[in-house]
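For reference, the structure discussed in these notes is given below.
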Amino acid sequence: MAIPSDLEIANSATVLPLPQIAELAGIPRQHLELYGHGAAKVQLEAIESLAGRPDAKYVVVSAITPTPLGEGKTTTTVGLGQAFSHIGKSATIAIRQPSMGPTFGIKGGAAGGGYSQVVPMDLFNLHLTGDMHAVTAAHNLCAAVLDAHLFHGNDLGIDIHNITWRRVVDINDRALRNITVGLGGRLDGIPRESGFDITAASEVMAALALATSLQDLRNKMGAIVVGYTKDDKPVTAEDLEVAGSMTVMLREAIKPNLMQTLEGTPALVHTGPFGNIATGNSSIVADQIGIKTGDFLLTEAGFGADMGAERFFNIKCRYSGLVPDAAVLVATVRGLKAHSGKHRIVAGRPLPAALLKENPDEVHAGGDNLRKQLENMKIHGVTPVVAINEFPGDNTGDLQAIEQIAAEYGARSARCTHFSNGGAGAAEL
Amino acid sequence: MAIPSDLEIANSATVLPLPQIAELAGIPRQHLELYGHGAAKVQLEAIESLAGRPDAKYVVVSAITPTPLGEGKTTTTVGLGQAFSHIGKSATIAIRQPSMGPTFGIKGGAAGGGYSQVVPMDLFNLHLTGDMHAVTAAHNLCAAVLDAHLFHGNDLGIDIHNITWRRVVDINDRALRNITVGLGGRLDGIPRESGFDITAASEVMAALALATSLQDLRNKMGAIVVGYTKDDKPVTAEDLEVAGSMTVMLREAIKPNLMQTLEGTPALVHTGPFGNIATGNSSIVADQIGIKTGDFLLTEAGFGADMGAERFFNIKCRYSGLVPDAAVLVATVRGLKAHSGKHRIVAGRPLPAALLKENPDEVHAGGDNLRKQLENMKIHGVTPVVAINEFPGDNTGDLQAIEQIAAEYGARSARCTHFSNGGAGAAEL
Amino acid sequence: MAIPSDLEIANSATVLPLPQIAELAGIPRQHLELYGHGAAKVQLEAIESLAGRPDAKYVVVSAITPTPLGEGKTTTTVGLGQAFSHIGKSATIAIRQPSMGPTFGIKGGAAGGGYSQVVPMDLFNLHLTGDMHAVTAAHNLCAAVLDAHLFHGNDLGIDIHNITWRRVVDINDRALRNITVGLGGRLDGIPRESGFDITAASEVMAALALATSLQDLRNKMGAIVVGYTKDDKPVTAEDLEVAGSMTVMLREAIKPNLMQTLEGTPALVHTGPFGNIATGNSSIVADQIGIKTGDFLLTEAGFGADMGAERFFNIKCRYSGLVPDAAVLVATVRGLKAHSGKHRIVAGRPLPAALLKENPDEVHAGGDNLRKQLENMKIHGVTPVVAINEFPGDNTGDLQAIEQIAAEYGARSARCTHFSNGGAGAAEL
Amino acid sequence: MAIPSDLEIANSATVLPLPQIAELAGIPRQHLELYGHGAAKVQLEAIESLAGRPDAKYVVVSAITPTPLGEGKTTTTVGLGQAFSHIGKSATIAIRQPSMGPTFGIKGGAAGGGYSQVVPMDLFNLHLTGDMHAVTAAHNLCAAVLDAHLFHGNDLGIDIHNITWRRVVDINDRALRNITVGLGGRLDGIPRESGFDITAASEVMAALALATSLQDLRNKMGAIVVGYTKDDKPVTAEDLEVAGSMTVMLREAIKPNLMQTLEGTPALVHTGPFGNIATGNSSIVADQIGIKTGDFLLTEAGFGADMGAERFFNIKCRYSGLVPDAAVLVATVRGLKAHSGKHRIVAGRPLPAALLKENPDEVHAGGDNLRKQLENMKIHGVTPVVAINEFPGDNTGDLQAIEQIAAEYGARSARCTHFSNGGAGAAEL
């Protein structure tokens, strides 16, 4: 029987009331702020309230270097989270909120896939509770204040050729990448070259993900460097006297969002820094809450173990003080074959037929990427488990090739079919 | 005793649970979606559910032409709403959501003032439930699709010199008013001149305010003209195949937000088109719900009776089918004195001493503005009531001058002290 | 027999050695600087050397308001100049150098036409002796110094939104009309909006045309206002310390160029300010030399008697001190018919057939333009002579209509066939 | 006795009539077109007329890599040219026309220096006969036609992101380096990013320098690539149908300019491509004329032997067919010391005192530059002569160091004092 589409599965899901999910996770009702029927914000006071509870095992989920095919990192995180209830354990997952930008492009959605999704899918993919918008607004408020400062005489002596703070928009809008602002007339500002980045690349987003409290966020906002004077001295948001307002605009956004998976696993969805150009990890405060909510906390690190996971170990954990207990590395047959360099894959096009044939040599060739990621993980002192995200139609020989690579590094591996089978499919792991 | 500041009053307010406010207004619990503790969205299905209830008296509140002093239109609407409970009647108010742009500038807040405010004040003034952001995102999605269309070969033959669709941002950012987009290189779009307007001026915002259903909004999105071909044929969002996505992004934003006044009066806060450059009225769907929630529905029309109220009668009511029962015109001694042209008033500076002295002649001179507004109202078939928003320190002679002007036009007038005294102060009216 | 094309006539012309032309005009050889075989510059010292000679009759040639058809103002000036030798008198003509801009566009040439041309035609229409380029270079040097001043700290406090000095180019280049300059990086200047005008519109060109000596030109360069400070104080080229360099660059350009007509009449060709946007007259120094070179000096005033001639009387003559003895107004049957508003004429397209039919009423209708120009001339105290530039195929009734209009104002009129017949055709006048 | 300034020397020079200079060089009078009193153009027909005369020895003068100090390449070329008459030989020099851009900057002039200059100095440094302006105009005509082509529908399908043809200006105007053109409105062109280079870098300039006839120039203009279509096919000036007009604008500019040195040596001054970014050599046609005008033709190759001279051998000579007989390499004590990397030299500031002390080791250290240039020259089959341009105050030990370096490569060397002593000072060489 064919697997229904992601959308069909998501739409037919029963979404449990969020207070029920919170109760499952042990989060006191008074720290919950409902946002419609699909999500709730968890107040940071919950960290204090939950302090007495035992810590969950802290597991980071990463993957091989991304290919246009998608390796199913989020899907696996969701699947793993769901799997624990199949073995009598409780788990919470912590993932990032996706950017609307690429979502309206090719990918179509970032809520996971198949029977391992966060629901409601449309809420997850769109505004959710408005955090992305708040980050965008806070970032752009800083830019507006900066340009207004130039307009009103530039008392700080900012060098207009050395302004590093651009604007952001949560959409893939290429026409805004490089623009000239301040045109028009006497009332329209000072002309200069600038542009927009995607919100997921905003330093405000990274700071929000790394903040441990609202006060800490306030400090991080103040420390933001927006440019330099003609003497090459840095100019900060504090100098512009805008850091306080930026923080006010983020007052709600700093609270993690509670959602659920298709099987009712609690999912903390919070902040969305890109892995290739920013920290690539969901928020510290979400993990600080999640670590007290069950037997396991699965937290996702984006864009390849060498990018997201490296920052997880070296940046996020240093700030948060949390110590990971295990690491999962997601790999797929098709992803490793793509890394062999033998196929030309175009996003949105059908896979080349040659890629679908059994060919363990190709898996081994592309397996160098997996090997290097395994080495990377071991540098950080954890022995990774390889989660083989098995797709319908994957060949046994190819799957075994991945298992052999994992074994070379003394890493346990397991095939997961959570896409087709939900949590049960990842229970082996 | 001095009146505490707006902020002090707002912060010391007891905010009732929204379900309790909804119950007061007769809105069924199942149509309520809580958004944190201060606001809730009311689903449009409520219109159907409430159809059997009697209509409230429909009262539009407008004012003389705005001055930098603020005439207290929102404050009076709130005060009036609160006043009805003092005379044993139930009322709901319907007002617009303020733009963050000017809020971060001089004005400081738009939630009303003194003891006549909508609370929580900070929620009201900032993101609320994210509607502003959704309008911004939908508007800018259309712009991004338009520029992407140009980039991918411009099959529609759009004349780049005749594109009328700009982008919007919910902040007063003068450097973005006139920009050149599409600079950079081969992957960065087609260069052209464009710019950003404030979100409150977006056609998407106006359409949201005038939509009577999600389907109607979908149609309005499709009909948006973004520019013209070289043959001067209009090009629409429908032609760009973006109208559906825009509507999806507005799916939550179309639901009115329920809040409350300091005295627990239900307040529907929804959409924020500016009165000087757009329709200046809150949404039709908010009024369609509010009209079934008590004895009176007070709806505010922005930026002077000749702007906002004119559009209320000629645009909003024609779309909604609702017929106003009464009109209130807010006037102040200081506002009319400002209209006399004898004083130089700068926003944010203390009032000129001369303006505070008793001088009925000046009130009569500036009273021409009030006279014209009274005439305007009568054209639309309603006899207005003049609400004299009395400030502490106003002189009797000056107040009487306003009463005389109202009497010239056969309009009833009443002094209101709702700023100092809350609803009790507006009960006379 | 068909009249050969302008180019054929020009190319078959015998061009006399310039020293011979100068001798004819009484200009001493030592004041002549040859520039190739077709032109020579006359040193300003000639003014002093010729001081003792008698003044020529000073005749200004103007026309009805220009139409796309061309009224033959230059052609008539040349034809008249040539005509004097047919009646035993000596004449010199003084005309402007054309801009290359429109020349490379539709018009094709500005040297006159038919048998009444200045030769060599290509020299006349292209670089001539480089005066246009010198004006362009001096103008743009000032702009470069201005932008360098902004770049180096803007000690003069120039308001970048209130810079009135643009750049110029001697070509019709629409892409340069509105540009943003100073883009790039730290070494590439200060971004601002600016643009290029055509060289013929440069204030440097107007100043060169009105200068009475190199020292006077130096003063005029220094007085050029390039923009304003933020306090609205004017900033001059003198303030930028560039006026001296600009003058140096114009040292050759201030010397009038001596050329000749097809019949060997001396032609002083000097400066080219447009008549619609600048002074529209050739230089004062050319007239100061020409006034001493024969019985008549014919000087052309551009773009309609109400534009060029008005500035001739009110600006040029006041600076030069010369007093006109007579004024010629050129009119054509087709030009007046075009002014009737009954025909749609497109430059470069064949004339509408209807316009070529005899129709004196149409001439009378369009004749209002001629009437007003005649009135304008009389205001300045000279009674104009109407030169009817007769084209092959013009109808008698139409020509008589012009004569009637002239007679209404007591002006003498004469039909001229100089285009077909050279100087002999204008001898009646 | 102190040496007078360059300007004093130049102004006190006796400038001989150009026909006399031409006669000295054997150029028939009928091929001479006088341009004022200081220069004349030589018609290309002179090449044919002179064909029967014997060839001069063809000597290329180059130098070590330029430093901010100036090595006196032009000065030495002039000095050498003058020197031949001191040993009873006739010589002609061929040099480039300088750009006005840097001339109005730091350098002050490019006519040579001291008693080895081309005169009149101001004519040489400014417009000369307008060739620079003609190149600028032809180049920019092409750009204007290109933008007009885009404006009128872009039938050639030019990719606006892949246009390689910019505009040029003969001035150092940093604000024009990177600009956005085509702004404004419907009539103002298509917006795109572009900019201005200096005229000396124009491909038109390089083509003019390498053209062997007007027809050849016409072909070169047609072959100019202005950009590419979206299919990456080149688009030429021929495709734009502008190559003919460009050639017409260069009709005078292709004729070499005849001037003279302070001692009356004929100097052909023609074209000015920069050596660092273009071909760096004066024109082929000037050399083709000069090669028939005496015992020696000294032609200058700009910007270091590795730049200008390399292009002389590999590009210019291949096009012209002329074969060099000898090569002169100019070196200075101060230049080699600067190349040692031990001194910080800023253009326009006094030399560091340390650099002026005798220090042969430093000369040897910086001498690596001279060594490599000597090697470069030998690759092309000529043994260079090192001309040591001796400055007053140079120390004997330092001068001897240069002689030692030359001797290492078997190259003859000679000290020249032409700056102080004119031609006599270079006679040794």
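Per-chain numbering from 1; labels A, B, C and D assigned in written order.
Operating definition for what follows: a contact is a pair of C-beta atoms (placed from the backbone, for glycine too) under 8 Å apart; a residue touches a chain by one contact, two chains touch by 3 or more.
In this text the structure is predicted, and so the values were computed from the model without any measurement.
Listed here as common contacts of chain C and chain D: no chain. Between the contact lists of chain A and chain B, the overlap is empty.
Ranked by separation of Cα centres from chain D, the top chain is B. One finds 71 Å separating the Cα centroids of chain A and chain C. For this pair, chain A with chain D, the centres built from the Cα atoms lie 60 Å apart. With touch defined as above, residues shared between interfaces to two or more other chains in chain A number as follows: 180, 182-183, 190, 193.
Taken chain by chain, the contacts form a single closed ring in which each chain touches exactly two others.
Applying the touch definition to every pair of chains gives A-B, A-C, B-D, C-D. By the touch criterion given at the top, residues 33-37, 41, 100, 104, 122, 126-127, 129-130, 133-134, 136-137, 140-141, 143-144, 147-148, 150-151, 167, 169-184, 187-190, 193, 195, 245, 248-249, 251-252 of chain A touch chain B in their complex.
Contacts from chain A toward chain C in the complex involve residues 159-162, 180, 182-183, 185-186, 190-193.
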